[in-house]
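Down below are the structures I want you to see.
First chain A sits with chain B, and in the next complex the same chain sits with chain C.
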Partner chain A sequence: MAALLEVRDVARSFRGLHVLREVSFEVPEGGIVGLIGPNGAGKSTLFNIVSGFLSADRGRVIYAGTDISDRSVPQRSYAGLVRTFQTPQVFPHLTVIENLMAGCYKHTTTGVVANLFGSRASRAEVRRMRAEADAACDKFGLTTIRDRPAGKLPGGQQRLVELARAVVGKPRLLCLDEPSSGLNTGEVAGLMAALERLAAEGITILLVSHDMDLVKVASVIHVLCFGEIIARGPLGEIRHDPRVREAYLGA
Partner chain B sequence: MNGTLLLQSVIVGITNGFVYALVGLGIAVVFRGTRIINAMQGEFSLVGGLVAFVVVESLGWPLAVATVAGVLAGGVLGFAMEWLLVRPTRRRGAGEESYLLLTLGVAFAISAAVLYFIGRDTRSLPGIGGEGSAVLFDAAVRYHAMWLVILSSAVMLLLRLFYDRTRIGLSMMAASIDEDGAATIGIDVPLMRSLSFLLGGLVGGLAGVLVSPLITIHYEMGLLLTLKGFAAAILGGLLNPFGAVIGGLTLGLIESLAVLTVSSGYKDVIAMTLLIVIMIFLPNGMLGRGSRKGG
Partner chain C sequence: MLVFTALYSIAGLGVAFLLGQCGIVSLAQSVFFGIGAYSSAYCTTHWGWIAPTGFVVGIVASAVIAFAVGWPILRLSGYFLALATLALAMIGQVLFLEWDWLTGGTLGIGGIPKLSLFGFELRTPQRFYYFVWPVAALVLWLYANLLGARNGFAMRAMRDAPAAAAVLGVDTHVLKVKMFVASAMLGSLGGSLFAHYVSFVSVDSFTVDRAIHFLLIAVLGGAKTIVGTVLGSAFVTVMPHWLTGFGDFHPLLFAACLIAAVMFLPDGFGGALQRALRRQGQA
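And then the complex of A and B:
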């Protein structure tokens, strides 16, 4: 099967420091792929290049058979490639439900004038967005806090709001940047269950993390170290790879 | 002090208040969408007024066409400003203070260009609805003033609906609160910033067309309006565009009542003193923090 995401020979340096050296990897459609590595391995840089926040010096990013290397972040989002951030980027003054409704905007079709005067189509669309946002609140356990401003919530819940907002946008490839940071053990377990559920619904997930517990949900893991992929395979295999052990334990 | 005089002052205060409100609204629109304090908001009005004047006086076209032309001129200037100057500045990683200096610089440049090409003469647009007045309990209300209040109110209402209901309006706010989060849900952040300037320019252009029959068009008009509009926006709370309406009306009424009770020379002193007092006691504006959304 053709890969949904294909990163080809991507290189990037900052002021002469080679953060990524010719990195290549694939994410097949369906399932969860993990990208791990110690701090400073280049995970964030790679992730920013995939999601469009940074451009690569060399190499290409192919998504669903199309070279998207020159596409902007919103263009990638419309194509179904959506990311979350290490620090959750919710709209702090909007309520949870308003945040989720904003996640539906890219699928709206009614124009400014119709919205302005509340045409029938426009009102129907708002009802549909609200229903979708409500359903997502249910799914991610946000119903009790749906009318609270997202910025006032604790970090773990903001992370869920951000994830739910990405999911209501109906992504094909969901890229999650350190989704477990700031979560307690119980919340991590909930997150893992949620990710497995999303994967079962057919959303492909690329997971960046240094949390070895969380990456258990991934079927394949790529290990990035000093800008190079040093190992790849299921967790059971890479865990015993001497280079991975060295990178993580310094042994 | 008699009743007619008081009523007359209130009418003048409301008329001016709506002008300040419109300019303040433009400043708040730009700020809400870009977090830039736009010191050239009054210049949108200056250019809008001038374009309307040229259309009426030189081309001899009807005032309605001139009004539309003036409003559009403001919008084009706003969009061009963002596109040609703000965007490249942002690309180079400018800090917030750079934009204040940038817009202030352009404001002076436009003012100087008007002085150079048109000179110190003042020009006046005919009032909408003619130069006549209606009589209300012995006080005169210019037809133009009525149109000014009606048109401004309509624009304010439309803007309110625009921000509350339209996806673009909501996206413009989202883009300014959280650039990265907005981009990843598919919002074109740079486009939203351009649109905020465009919208601010349109509101500014309208303010110019509406104020020109009252205060005449001259090269210093922009700065004057920016100051008053800025005061209105601050009074109401900069992040709440509709605060500018309350702020503008308050400012207009205080000024005109100050003229009545003290002296016309002191109206700015009284208005600005009040501004300072309000800022000390209500730093989030007269409507307070609770009423604002988006920042």
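And then the complex of A and C:
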């Protein structure tokens, strides 16, 4: 099976510091893939390169058979590659439902002029956005807080809003950056259930985390350490890998 | 006074929506206000064209200039962008002064004909009043439509969290340029109306002071609300005039009022009004 995402020999350094050295890995279509590593391993850099916020010094990012290395963030988003952020990036002054409506942007097309004059298409589109956002509120259990400004919510709920907003856009590959940080144990369990449900719906998930509990949901895990992938395989396997143990527990 | 309130509301709204909905601080509105005013003045007095041509020339020229300048400078953000727009306002002021073949320099252009509508000349302030307020209302209506539609959501998303908006597929740079152009067109419309109302334009009306004046309208009114802009514009237009009654130190009084307004009404008049209405609704 062809990989949905293929990272090929990606290298990146900042002022002479090699953060990533020739990293390669694949994410097959369907299912959940984990990318773990201790702090400073280069996870965020790799993630930014995949999502288009950074460019690689060398190497390519292939998505759905196309080289997307030079594509912008919105272009990648239109292709179905969507990410979330380590600190949740909700739109704080917008209510929960408005956040989700903004998430429908890609599936709407009216231009500024049509919007200004409130054309029929423009109004129909807003109704559709609202309906989709409403459905997502139900699905993610956000209905009771739908009219609250997202910025006033506790961290765990902001994460959920961000996830729901990403899902409303119907992604093909959903990249989650440390989705469990700031969540309590109960919320992590809820998140894991939600991720498995999304994967069952056909969304491929790339999960970046240093939380060993959360990555249980991943079928394959890549371990990144000092800019190199040092191990890959199911959790049970990598757990006993001596290099992984060393990286996590120290020599 | 109320006519000026409407005139400034139209141009001020352009600044307010850039500030409140897109997170762009623009000090360049005086330039587009000036372009509109001089276009109307030149087209009607120099070429003797009918008034609507001046409006169109001004709006098209403003749009082209806003696009050409906005494309590079809107890659900047925050203070850097604000400074770039300030520089634009200063350049505008100098050009309005130096290009006297077009603008009349310090002498300005006088004798701009009054507007007439279906053969009905708007020569008294009252008549102009009944014309300019519907125009302002129309502009507000367009603005309200935009806010509630797809691109309105994208604008607010971009203002709150630009990176997240990009992930949703919003090309933030293109959207900013579009909005800057729209804002410039509004500024030009306000300027053309101004020229026909006062019949005389000179560089004094399009200085950096004027640019700050428009930004004040946006900040005082509360950039996030639509009504706020009108209130803000009423404040900066009516208040200094009213305060002249208190003697020579009226600019000082106005400054004090400004500080008080900014301190006690952080969301501007519009925000305060919105809160009051909400309280009323709950009671």
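Keep this in mind: the second predicted complex is superposed on the first by the 250 of 251 C-alpha atoms of A that agree within 3 Å, B and C clash if a C-alpha of one lies under 4 Å from a C-alpha of the other, contacts with A are read in each partner's own complex, and residues count from 1 in each chain.
What we mean here is this: a residue touches a chain if its C-beta (ideal position, glycine included) is under 8 Å from a C-beta of that chain, and two chains touch if they have at least 3 such contacts.
Quick caveat: nothing in here was measured; it's all calculated off a predicted structure.
Asks: Following the overlay on chain A, give me a clash-or-fit verdict for chain B and chain C.
Replies: clash
Asks: Once the structures are superposed on A, label A:106 by its partner contacts, choosing first (chain B), second (chain C), both or neither.
Replies: Once the two structures are laid over each other on A, A:106 reaches both partners.
Asks: Once the shared chain is lined up, is A:226 touching chain B (first), chain C (second), both, or neither of them?
Replies: A:226 sits against neither chain B nor chain C.
Asks: Between chain B and chain C, pick out the one touching the greater number of residues of chain A.
Replies: Touched residues of chain A are more numerous for C.
Asks: Should A:248 be classified as contacting the first partner (chain B), the second (chain C), both, or neither?
Replies: Neither: A:248 stays clear of chain B and chain C.
Asks: Both chain B and chain C touch chain A; at which residues?
Replies: After superposing on chain A, chain A residues 51, 53, 72-74, 77-78, 82-85, 89-94, 102-103, 105-106, 108, 110, 112, 115-118, 122, 162, 165-166, 169 contact both chain B and chain C.
Asks: With touch defined as at the start, can you tell me which chain B residues reach chain A in the complex?
Replies: 158, 161-162, 165-171, 174, 177-178, 180-189, 292-295
Asks: Write out the stretch or stretches of chain A touching chain C in their complex.
Replies: Interface residues on chain A, with respect to chain C: 51, 53, 72-74, 77-78, 82-85, 89-94, 98, 101-103, 105-106, 108-112, 114-118, 122-123, 125-126, 129, 151, 162, 165-166, 169.
Asks: Name, in rising order, each residue of chain C that touches chain A in their complex.
Replies: 142-143, 145-146, 148-154, 156-157, 159-161, 163-172, 178, 182, 224
Asks: Can you list the residues on chain A that touch chain B in the complex?
Replies: 51, 53, 72-74, 77-78, 82-85, 89-94, 102-103, 105-106, 108, 110, 112, 115-118, 122, 162, 165-166, 169
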